[in-house]
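Note that chain A is present in both complexes that follow, paired respectively with chain B and with chain C.
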Partner chain A sequence: MIHDASLPEAELQQFQKRSLLVGIVGLALCGAGMLFNREEFFRSYLLAYLFWIGIALGCLAIVMLHHLSGGAWGIVIRRLLESATRTLPLMALLFLPIVFGLSHLYEWARPEALGDKILRHKSLYLNVPFFLVRAALYFAAWIAVVYFLNKWSLKQDQTAAPSLSRQLELLSGPGLVIYGATMTFASIDWVMSLEAHWFSTIYGLSFMVGQVLGAFAFVIAVAILLSSRKPLSEVISSEHLHDLGKLLLAFVMLWAYLAFSQFLIMFSGNLPEEIPWYIRRQQGGWRWIGLLLILLHFALPFLLLLSRSLKRDAKKLLAVAALVIAMRFVDLLWQVSPAFHPEGFHFNWMDLAAPAGIGGIWLASFARQLKGRPVLPLHDPFFQEAVQHGRE
Partner chain B sequence: MKEPLKTVIVEPGKPPIIEPGHTFASVTDKISSVVLTRRTPRGWYLGFGVSFVLVMVLLYALGKLMVVGTGIWGVNHPVGWGFAIINFVWWIGIGHAGTLISAILLLLRQEWRTSINRFAEAMTLFAVACAGIFPLIHVGRPWLPYWLFPYPNTMGLWPQFRSPLVWDVFAVSTYATVSLLFWFVGLIPDLATLRDRSRRQLPRVIYGILAMGWRGSAMHWHRYEMAYLLLAGLSTPLVLSVHTIVSLDFAVSIIPGWHATIFPPYFVAGAIYAGFAMVLILAIPIRAIYRLEDFITLRHLDNMAKIILVTGLIVAYGYMMEAFMGWYSANPYEEYMVLNRMRGPYAPLYWALIACNALAPQVFWLKRARSSIPVLFIIAIIVSIGMWLERFIIVVTSLHRDFLPSSWGMYYPTVWDWATFLGTTGLFVSLIFLFVRFLPMISIFEMRTILPQARVEE
Partner chain C sequence: MKRRPPIYGLMAEFDTPSDLVAATLRAREAGYRKMDGYSPYPIEELAEAIGFHSSRLPLIVLIGGLIGCAGGYYLQYWVSVMDYPLNIGGRPLNSWPSFIPVTFETTVLVAALAAVLGMLGLNGLPMPYHPVFNVSRFALASRDRFFLCIEATDPKFDHEETMRFLKSLKPRSVSQVPH
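Moving on, here comes the complex of A and B:
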């Protein structure tokens, strides 16, 4: 039996310190960059922000999916997911720079937007005050759900009451509905409206699937890295990795399915209000980034994850997870940057500094959350079964 | 320290998927007796009789169609796709639950699927059969369907591969073939059981031929398991692909109301939604009439209600996105299409659809509703009606007001439209009646594997 479910403190402490250092240096560099090139700073910052909040929100969705569906795969990673969700208040704080950069980022937030007939029509929805109110609502909703999910989960550690599992399940149903509704509109507000003339009904759904995919890859990577140390080394087995690998494969396919659906429908429609989005993304270097997405975001992980032995091999699965995480960033780059640089591929040094900056701070916060609580839900009624599942 | 973990906890806190007290023999007896020994209930004759009358109606309507032509239907300019497409999409959607239960739930190791997969697969086949009739008769010359296939011919005729209607031909025929194979392969061990247990000569010969020499040897089982798993793998993409392509029939066009990127996932969810509603509509009476409450337990009904709730929420999400993007697009035609659905001549049907599909299943948030048989049955019927209305709204309201007001018009189905539709429901129900009478409606050998006795201690 496992009695001590806390991670080696010293190592995490060290990781936290280093991440924080990287974060501060990254953000300091970006701050310096802002003085020289305000436009590019906000663009890079938005991209980096979307990447990291995507992982936190994806983890939130996975926790709730797990509470509803059950399964050994979720019990062994539950605390990792929960730690990631507890970074959301920090992410709410990090949203502030975007608030100050709205007019740099979004054409609808500039006064001249009212001269455009379509933007004038949309100004009922796309206007600065309403945008801010909505963002506040999204964060309030997410943080409220995160608060209760974590509170009851911690309480289960202390009281071992099985009724808390039921409570978590009851919250997760509405919680997922809340996530679906808020994230859809958040994706419209924050990303789709970068090209304010364009619209796509599938966009919110595929954005959410991207978040969940990134979160799965992230949490698989963390679980594998921690599984070489106690206490996870006693719990996580190739059986769990196999299940997680299957889920990663499922989401790789789902992402590709949604992305291809949107492409095929817009491509065959070829309407002037839709196709410019793809034309911009097929010009200059963006075309190669698109091709890279097909090959490395879909084809390669898909083919690799079909293999049973690969999914059960921690090192190889870690490599695939790392590839998926990297490609999640490339996908976001391909979604966001052509809006600013339709002429062709463009990469600013801040496109690296900003993700390192936000990422360092985010990872430090993640490590701090990870330390704070037992890394395994020992009193989950299904915990023993989940451990047993790994030994079959 | 490893010892205490050896005790296997079999799903603590979850109700059983088979009532306690059954043995290998009692399971076999109970399921095979419906086919072999029990007297056919009078209700069976009545039900089969009524549905067979509807089959006659179908044949009459089709005969009339062959003689006169598609002019007997309500389709005309601008609504060229009427009941034929609505019913095709409705029926093909219903089939998806069967494939989901048999393939995806098998791969996900959801044991509760065992008692419902057989008749859900049969439902899939019969629904696909009903669906297939419609495009065939809608082409106008049903005796030339092979023109749809790419084959070298002197007419220089080649299908237009850029059209999703041609993709449909391949998707649906693949779907029908794989579903039939999957169903038949799954039946083989049970057909052998029926062969061995039937006392009369004729059934023994027929079941014997169908059982293809099954003797239940270890080698047979080994190959069987392999084949079944491979077929499950093959069927899994079909759950997505068939209805995705059906959705592309609409979405690849540029008609407001059809050209929407959400269509593929939203159609797939709608198909599973309607399919599970149909499984409930069939399962609830069958378990009551044949006293199969031990096998199709409240847990099964509860799980299906949850799937209906989830897919219903995805469908509702689709409606929400369509309405929002209709406004957000700032395209006057898109906006008008949404407003026309809500306030135009077909508005009552639109609001009925919202009530049936988006509101009604919300009662399944309550455990009490999910465990009440009447509520489950009524909601399942409401959902089936709602999904039919959805296809009506998508097909008709998107077409009936074309870009120019001079090309506006109304669509009213004629008596022949209704006769054909009702006729296919008759065909579906009579096939189901024949199925429960002549084949084991629950998989006997798979039910035996979920008995506690079948769990081998390591």
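Moving on, here comes the complex of A and C:
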């Protein structure tokens, strides 16, 4: 039996400090960069922001998926996921710079957009006040769901009431619907509208699957790194890693399936309002980034994760998870940056400084959240079963 | 060719799956290799105890998949590029994205066929005759008994010696399995 489920505090404290330092230095550099190149600052910041909030929101989706489906794989990582979701209030705060950069980022937010017939029609939806109201609604919905998911989960630690599991389940059903609806529109607002003439109905789903894939890779990496320390070392076994590896494989395939579905339909239609999005992403170096995505975001992780022994080997699975996390960033780069640089591949130094800046602060907040609560839901009715599953 | 042994083998009957697994492990330790366990339901540990080697089936499925993949793509390539080229909206004749869904389907189809046929080829099914059924008690193997049969083709097999060994495992009974 495990009685104490808190992580070694000193180590986390140190990690938190270092992350915060990286975050502050990164953001300070970007702040300096903004003075010289305002346009590039906002572009890099948006890219970095999408990457990190994607991991937090992906974790939220996985928590709810697990409350609905059950399974040992989710019980052992639930507190890691929940800690990541509790960073969302911080992410709401970090959204503010984007609010001030709207006219730099989005063509529809500039006054000259009214001269464009299509953008004029779209302005009923794509206008600054409505954009801000929607963003506020998204954050309000996410933070509300996160609040109750975390509150009841913590309450179960204290009261051990099995009825709370049912309550969490009843919240997670509508919660997933809320996530799906809000994230579809958030992806349209924040990313798709960068090229406001273009549209794709599969985009929202494809964006969400990207988030969940990134979150799975992130939580697998964290679980493996923590599994050498108590108390997770007594719980997480190769059996759990095997299950998580299978889920990672499934989401790698789902991501590729959706990405290809969008491409195939637009390639076959070859319509002037759809195909320019892909033409821009095949010019200059973007073509090679696209090829890199096919090889390293799909083919390599797919082939590696087929192996049973790799999924059960913590070190190798960690390497694959790291690859997927890195490729999630490259995928977002390929989605976002060609909108600003259609002539060909372009990489600004702030495309690295901004992810480091936001990432440092995000990881510090994540570590702080991890410290605050037991890292295992000891009183979940299925906890013992989940531990037993690892020992079979 | 080696002469056919006079009997197929010797078969011990056990009451519980754990007895069967324990007996199999002992037989393996004693050096027996050509043996098989029979039980009413699959026992994971039993396959390990027998020393079930990894099968060649995955390789067969992979080859089937590759043939399906190449064949499916070539079929479309041959039709649209070589045999009956049509200009469809100015797209290249070899429009690979449109060929992917069918290529995927034929990959799955041939891989699945290779899996079924390869499985049958490797395990020798359907098998209308098997000597173990000559032992009348063997009918219980589909109900509540567990059997271990050491085959006479095992190099270490010796009628008396193996009989003594099987009896030392405290089975319910040991019977000869005629051909």
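One rule holds in what follows: the second predicted complex is superposed on the first by the 392 of 392 C-alpha atoms of A that agree within 3 Å, B and C clash if a C-alpha of one lies under 4 Å from a C-alpha of the other, contacts with A are read in each partner's own complex, and residues count from 1 in each chain.
Following the convention adopted for this analysis, contacts are C-beta pairs under 8 Å (C-beta built on N, C-alpha and C of every residue); 3 or more make two chains touch, one makes a residue touch a chain.
Computed from a predicted model, the values in this text were never measured in an experiment.
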| item | value |
| --- | --- |
| Contacts of A:M91 with chain B and chain C, given as first, second, both or neither | neither |
| Contacts of A:G180 with chain B and chain C, given as first, second, both or neither | first |
| Which of chain B and chain C A:V320 touches, first, second, both or neither | neither |
| Chain B versus chain C as contact partner of A:L264, first or second or both or neither | both |
| Which partner, chain B or chain C, touches more chain A residues | B |
| Partner chain(s) touched by A:I202 [first = chain B, second = chain C, both, neither] | first |
| Partner chain(s) touched by A:E385 [first = chain B, second = chain C, both, neither] | first |
| Which of chain B and chain C A:A354 touches, first, second, both or neither | neither |
| A:I55 touches, of chain B and chain C: first, second, both or neither? | neither |
| Footprint overlap on chain A, where chain B in one structure and chain C in the other make contact | 264, 268 |
| Complex interface listing, chain B residues touching chain A | 1, 4-5, 8-9, 12-13, 162, 240, 244, 248, 251-254, 259-265, 313, 317-318, 321-322, 325, 328-331, 365 |
| Chain C - residues contacting chain A, complex | 89-91, 95, 97-98, 100-101 |
| Chain A residues within the chain B interface of the complex | 1, 117-118, 121-122, 125, 162, 173, 177, 180, 184, 188, 197, 199-205, 257-258, 261-262, 264-266, 268-269, 271, 273, 381-382, 384-385, 387-388, 391 |
| Footprint of chain C on chain A - complex, ascending | 260, 263-264, 267-268, 270 |
